[in-house]
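Note that the chains are named A, B, C, D, E and F in the order they appear, and that numbering of residues resets to 1 at the start of each chain.
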Amino acid sequence: MSTYFSQGDEVTLFERAHRRQLPMMITGPTGCGKTRLVEHMGERLGRPVVTISCHDDLTSGDLVGRFVVAGGDVIWNDGPLTRAVKDGALCYLDEVVEARHDSLAVLHSLTDHRRTLYLDRAGQVLHAPREFMLICSYNPAYRSSLKDLKPSFRQRFVTLAMDYLPPDREAEVLVAESGIDRPAAERLVRCATGIRTADQIFHLEPPSTRALVAAAQLIAAGADELHATQACVLAPLSTDGAITDGLREIAAAALSTDRTSTT
Amino acid sequence: MSTYFSQGDEVTLFERAHRRQLPMMITGPTGCGKTRLVEHMGERLGRPVVTISCHDDLTSGDLVGRFVVAGGDVIWNDGPLTRAVKDGALCYLDEVVEARHDSLAVLHSLTDHRRTLYLDRAGQVLHAPREFMLICSYNPAYRSSLKDLKPSFRQRFVTLAMDYLPPDREAEVLVAESGIDRPAAERLVRCATGIRTADQIFHLEPPSTRALVAAAQLIAAGADELHATQACVLAPLSTDGAITDGLREIAAAALSTDRTSTT
Amino acid sequence: MSTYFSQGDEVTLFERAHRRQLPMMITGPTGCGKTRLVEHMGERLGRPVVTISCHDDLTSGDLVGRFVVAGGDVIWNDGPLTRAVKDGALCYLDEVVEARHDSLAVLHSLTDHRRTLYLDRAGQVLHAPREFMLICSYNPAYRSSLKDLKPSFRQRFVTLAMDYLPPDREAEVLVAESGIDRPAAERLVRCATGIRTADQIFHLEPPSTRALVAAAQLIAAGADELHATQACVLAPLSTDGAITDGLREIAAAALSTDRTSTT
Amino acid sequence: MSTYFSQGDEVTLFERAHRRQLPMMITGPTGCGKTRLVEHMGERLGRPVVTISCHDDLTSGDLVGRFVVAGGDVIWNDGPLTRAVKDGALCYLDEVVEARHDSLAVLHSLTDHRRTLYLDRAGQVLHAPREFMLICSYNPAYRSSLKDLKPSFRQRFVTLAMDYLPPDREAEVLVAESGIDRPAAERLVRCATGIRTADQIFHLEPPSTRALVAAAQLIAAGADELHATQACVLAPLSTDGAITDGLREIAAAALSTDRTSTT
Amino acid sequence: MSTYFSQGDEVTLFERAHRRQLPMMITGPTGCGKTRLVEHMGERLGRPVVTISCHDDLTSGDLVGRFVVAGGDVIWNDGPLTRAVKDGALCYLDEVVEARHDSLAVLHSLTDHRRTLYLDRAGQVLHAPREFMLICSYNPAYRSSLKDLKPSFRQRFVTLAMDYLPPDREAEVLVAESGIDRPAAERLVRCATGIRTADQIFHLEPPSTRALVAAAQLIAAGADELHATQACVLAPLSTDGAITDGLREIAAAALSTDRTSTT
Amino acid sequence: MSTYFSQGDEVTLFERAHRRQLPMMITGPTGCGKTRLVEHMGERLGRPVVTISCHDDLTSGDLVGRFVVAGGDVIWNDGPLTRAVKDGALCYLDEVVEARHDSLAVLHSLTDHRRTLYLDRAGQVLHAPREFMLICSYNPAYRSSLKDLKPSFRQRFVTLAMDYLPPDREAEVLVAESGIDRPAAERLVRCATGIRTADQIFHLEPPSTRALVAAAQLIAAGADELHATQACVLAPLSTDGAITDGLREIAAAALSTDRTSTT
């Protein structure tokens, strides 16, 4: 089983929802570990994970399947959701808020007491086994009137709110994934924390743990800390000159102060 | 026959409409039991229920059927509406307000004195048997100029307005479905009632009976009452910090007051 | 021949238009009897009626036909309009204002001196027989800049403006269709007339004869008059609390006054 | 050759354009005789007329043709424009302003010195014979920023502006087409002239000669003059009560004054 | 080789761009001779010309080709752009501003140092031979925020700005193409020049040389000069009465003054 | 290996990202050398480059592949992204900001620790080999609310910000690519620098190195410097007369001053 750095009681909540056959909605900022939690729970519960990246163009046919022509005949081809139901898998709809709401209607009967998938076009009705669980995720920071999930849809799920790891654990992750030393990891985390705090001023998407890992990997490959931070953490945040300068000051301060203090 | 907790005379009204071959429109908030009523009436009247979840992308072809290629030949494939007409089933269009209005035009001749389904593409005309009944549902709280049902469409149906169960019966449902004890069920219902009352202030979708059942199930699985309420009842309502705090206060008060008073 | 309750000279006007091979446009509020007139004229003139419910998604291919693959070959499949022309039928386009205007272009050559249907894709030209007649209907109360019929389209038709039946005849219809007694029918009609008069204040779609018939049928099945009126006549009109209360007062007054005066 | 009532020198202009191989654009109000002129010129020049009713959904494939599957093989199927080019026909695009502008791009090379049709998908290039002529029509009264023809497109054509016939000739048409007597025809024309004059006030589409012919035919079938005028001339103009009343006064005056003066 | 009336050094610039393998963008008002220049250069350079009329519906598949079914098998069918690359032709995209910008992305690799066409769907990469040249044209007078070409796209081309011929040469063209005498040609050109000058006031698309040629041809066919000018030059410009009157005055003055002065 | 003129440490950063299996986002103005860098790195790392020009119409099927019919059977056809993953290629998505965001969702699992491509429709899961690298590019100057990349997407990449070459190196490129002499190259660069500086005033897309190379090639083919600059550098920038005049002054000054000073 791969190492998983837990934030709190999310593993327990997930297990309880799975035991009571309740679907789960995981919320949290980009790159805070939502996908990793699902992968970890799949290993822990001994169930396969079927991942579906949601997008505007995902049709209900893409989810449940469709008829295809093969060898001159027409046969039904299960979609990933149907396969997950049949296999009793954990079915993970990543960034569900990106999906067209009409594609989500097919999930309704799977998320209430029916736990049933209606394959209207195939003329079949599937009852989900106990092991099957539906998990969705989204980032509540992206709220727009057009794409916000319907309240009645959100009420169908047990909601698990995730956030960034606490600084200590985040530094631990950087060391484990890139091989840089602990002080350098702490400098990067301090830099991220500084920007996340300044976030209220800049109205930016805060830097993710994933971006910190990338910076750590460039450093491990020989890059200068400030350059690596610039390329992986600062540059993706904004292309506005003034903001970029402000961010660089925060980063430079965090990286050098820290270095002084740890040497 | 599964247990059904009735709200009033909805079963009688449904039976009369069925006897006089009138279509029915069920309105009411999310998760108040519309789907369960239809399932219950199917059992009671001894008719199969064909459920169709409506969405923007549902074409009239999805409802009535289409030609498909099979074994090199083209054959007509009945859609769920056509199958329901042929089987004398209860055909249930869930959240009909989500459907494109043009897809609904095919229902017109089924909802007046003709009780006829025109399959233009197949060149067939089907007369619905006495047993067939069309039921639609929608939540009138979701009114938008774009998606509101046309008045002339609504006038084609006998309208049944449902609401949440009274507190006593709602607690009864929680006990029956999750196995928690009666006082805990009452605490959860009191919590929901508090939020539903505060609804005028917060402008939120009020919590559904379905969400309460989910919280009850997490409690039955060992979760703390406040945490379960947070995950299943409060978190889906809003991601706005201030509102979330207000909701948590209401919930904490309802859960603790109640506990004190019942011990 | 089924009973038809005429409003005035609409049968004569229809016959004259048919004799002179002129197409007809029937206007009037929802459920005032447009469809029934066409069915009646079909019986009277001894011609089949082909009904097409118009909607946004109706293509000209749906009207005139298309090529389909059958047994490995491609054959032309007549649409309902083409079949109606070939059979000399009455072709009835219900709620024509709902159709996309581009789908209606195919009707132009059928509605002027040419009386010709060009099947461009099939490479055929059909001349309509004397018996063929095109009838369209729409409800002028639904006027929106987007969907209003083009004036040049409306000028292609003899226009027949229908309205609700006078109260006496409307009560006659209720008795004939539901079996309730005459005084109860009169109470329902008085109730409808009251709301139709109040219509200028509430800006609602007025209740249709069809909705009154449904209420009469529930009453015949044992329902209370006020409840039946609520479910079939009032509830479909509005979900706004204040308006609903106003409507219920009008209904209660009409139903009770009447009962007193007839006993 | 069918009778054609000419307005002025339109026949000469048409013949000159045909002789010099220039395309023609005919403008004028609805029902003023544009289609009849093209039919008449087809007879006069001894060329077939291919009519295409333009609409929003007309693709360039509908105009030039497409590949279709037949007997397991794929064969090219000429569209009406391609057939017209090959046959040296008069190709008439009725209401060209309704077509999507992108569908019209295929006409460019046919309307300049090239007189060539590029069938990109079929890989063919067709040179139009001398006899071929492209004619388009539209009603300039329907000007909207969205659908107005591009100036560069209009400049590709010789423009022929048509209008209603002068009263004498219009009455002549009514007599010829319906068989009513001359005084009645004159009353109808006076009525139309009155409304066309009042047009500046009412901002309506003025009544067409086609609508007058329909009224004349109802009169010939026994209808009262005012009723026939109401059904065929007034009712299509407006559904606004005040305007309708104003129109009826104009009509009643025109019909009665005239009757007095001619008796 | 057909006669070509050059405006200046456009032939030289075109030849230099061709020699250095640079793509060219020709700009200029409608009907000023852009298409004729490309045809002329094709003859001069001894290369075939492949013309593609751009429009909103042109897909990249229409440009590069697509798979089609033939004889039960699927074969790749080159589009006109692919054929032009293979043949080393001049590929002319007429009115490129009309094309959807996404269809133009396929041109990027052909318009920089790569001179390469990627046929992603066919899995092929084509290197353009030296002889191949891509030419686009558009009329900068049609600027709209929606359809303007992206600056980065325009920078990929050598830009050749064309305009109307000087009066003398334009009259020469009229004589050569229609056979009218020189004074009449000069009168027509003076008329056009007058309107082009008044263009700032009327905000019209100025009359093209093509429209003058059409007028000249009608005159050669016996039409009166003012009538021919009205039908081919004035009528396409506007349907607004006041503007039309203003234009006719300019035209009448230009035609008569001139006639006096030349007799 | 073709000559590459580096701007700074971009080659080193690229190599480090490749070694640590991190995806890269290259930003910079049009024609500053983004595409050339990717080609250069392909040669340097000994990996093939698969280029995909992004546009609005690019579907995820175009990226990953789709089922196609061949010889009566249905076979899976890899798209360029899938081929790049299988071949361990550098996969370059040019102007990724042009792509529909929903098409980009398929990239998520390739750009985090999973480095996995889910082919949902084919039912396959591909793990990218070490050699595979995903590179995207875009021009941050084109920012629009509709098309801006999501921050969470940008955070998945190491960002490399490119800009125009310094004047000396840009002149070097012009000499190398066109064969003009050094002083002429310097005059062109000075001209470009002048316009790029004036850019804040004119709000134009600044001229690219690519446009300067084109001008240099026309000069090498015998064109006058000012004419070549006009056709390749100034004309694509604007069609507004006043701006064009301003630009021409800057260009004339830069070209002549320079000439004087270098002679």
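As a working rule, a residue touches a chain if its C-beta (ideal position, glycine included) is under 8 Å from a C-beta of that chain, and two chains touch if they have at least 3 such contacts.
Since this is a predicted model, take the numbers as computed values, not measurements.
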Check: Which neighbours do subunit B and subunit C have in common?
Finding: none
Notebook entry, point to check: What is the minimum number of touch steps required to go from subunit B to subunit D?
Noted result: 2
Next item on the list: Note whether the interface between subunit D and subunit E is symmetric in residue numbering, meaning over half of all numbers used appear on both sides, and answer same or different.
Entry: different
Next item on the list: Report, in degrees rounded to the nearest 5, the angle of the rotation taking subunit A onto subunit D when the C-alpha atoms are fitted.
Entry: 180
Next item on the list: Please compute the C-alpha centroid of subunit C, do the same for subunit D, then give the distance between them in whole Å.
Entry: 30
Next item on the list: Could you tell me the distance, in whole angstrom, between the mean C-alpha positions of subunit B and subunit E?
Entry: 61
Notebook entry, point to check: How big is the gap, in whole Å, between where the Cα atoms of subunit C centre and where those of subunit E centre?
Noted result: 53
Check: Among the residues of subunit C, which are close enough to touch at least two other chains?
Finding: 69, 72
Notebook entry, point to check: What residues on subunit F touch subunit A, complex-wise?
Noted result: 13, 16-17, 19-20, 22, 25, 27, 59-60, 67, 69, 72-74, 100-106, 108-109, 112-114, 118, 120-121, 140, 143, 150-152, 154-161
Next item on the list: Would you tell me which residues of subunit F are touching subunit E in their complex?
Entry: 30-31, 35-36, 51-58, 62, 68-72, 79-80, 83, 94-95, 98, 139, 142, 177, 204-205, 207-208, 210-211, 213-214, 217-218, 220-223, 227, 231-232, 235-237, 239
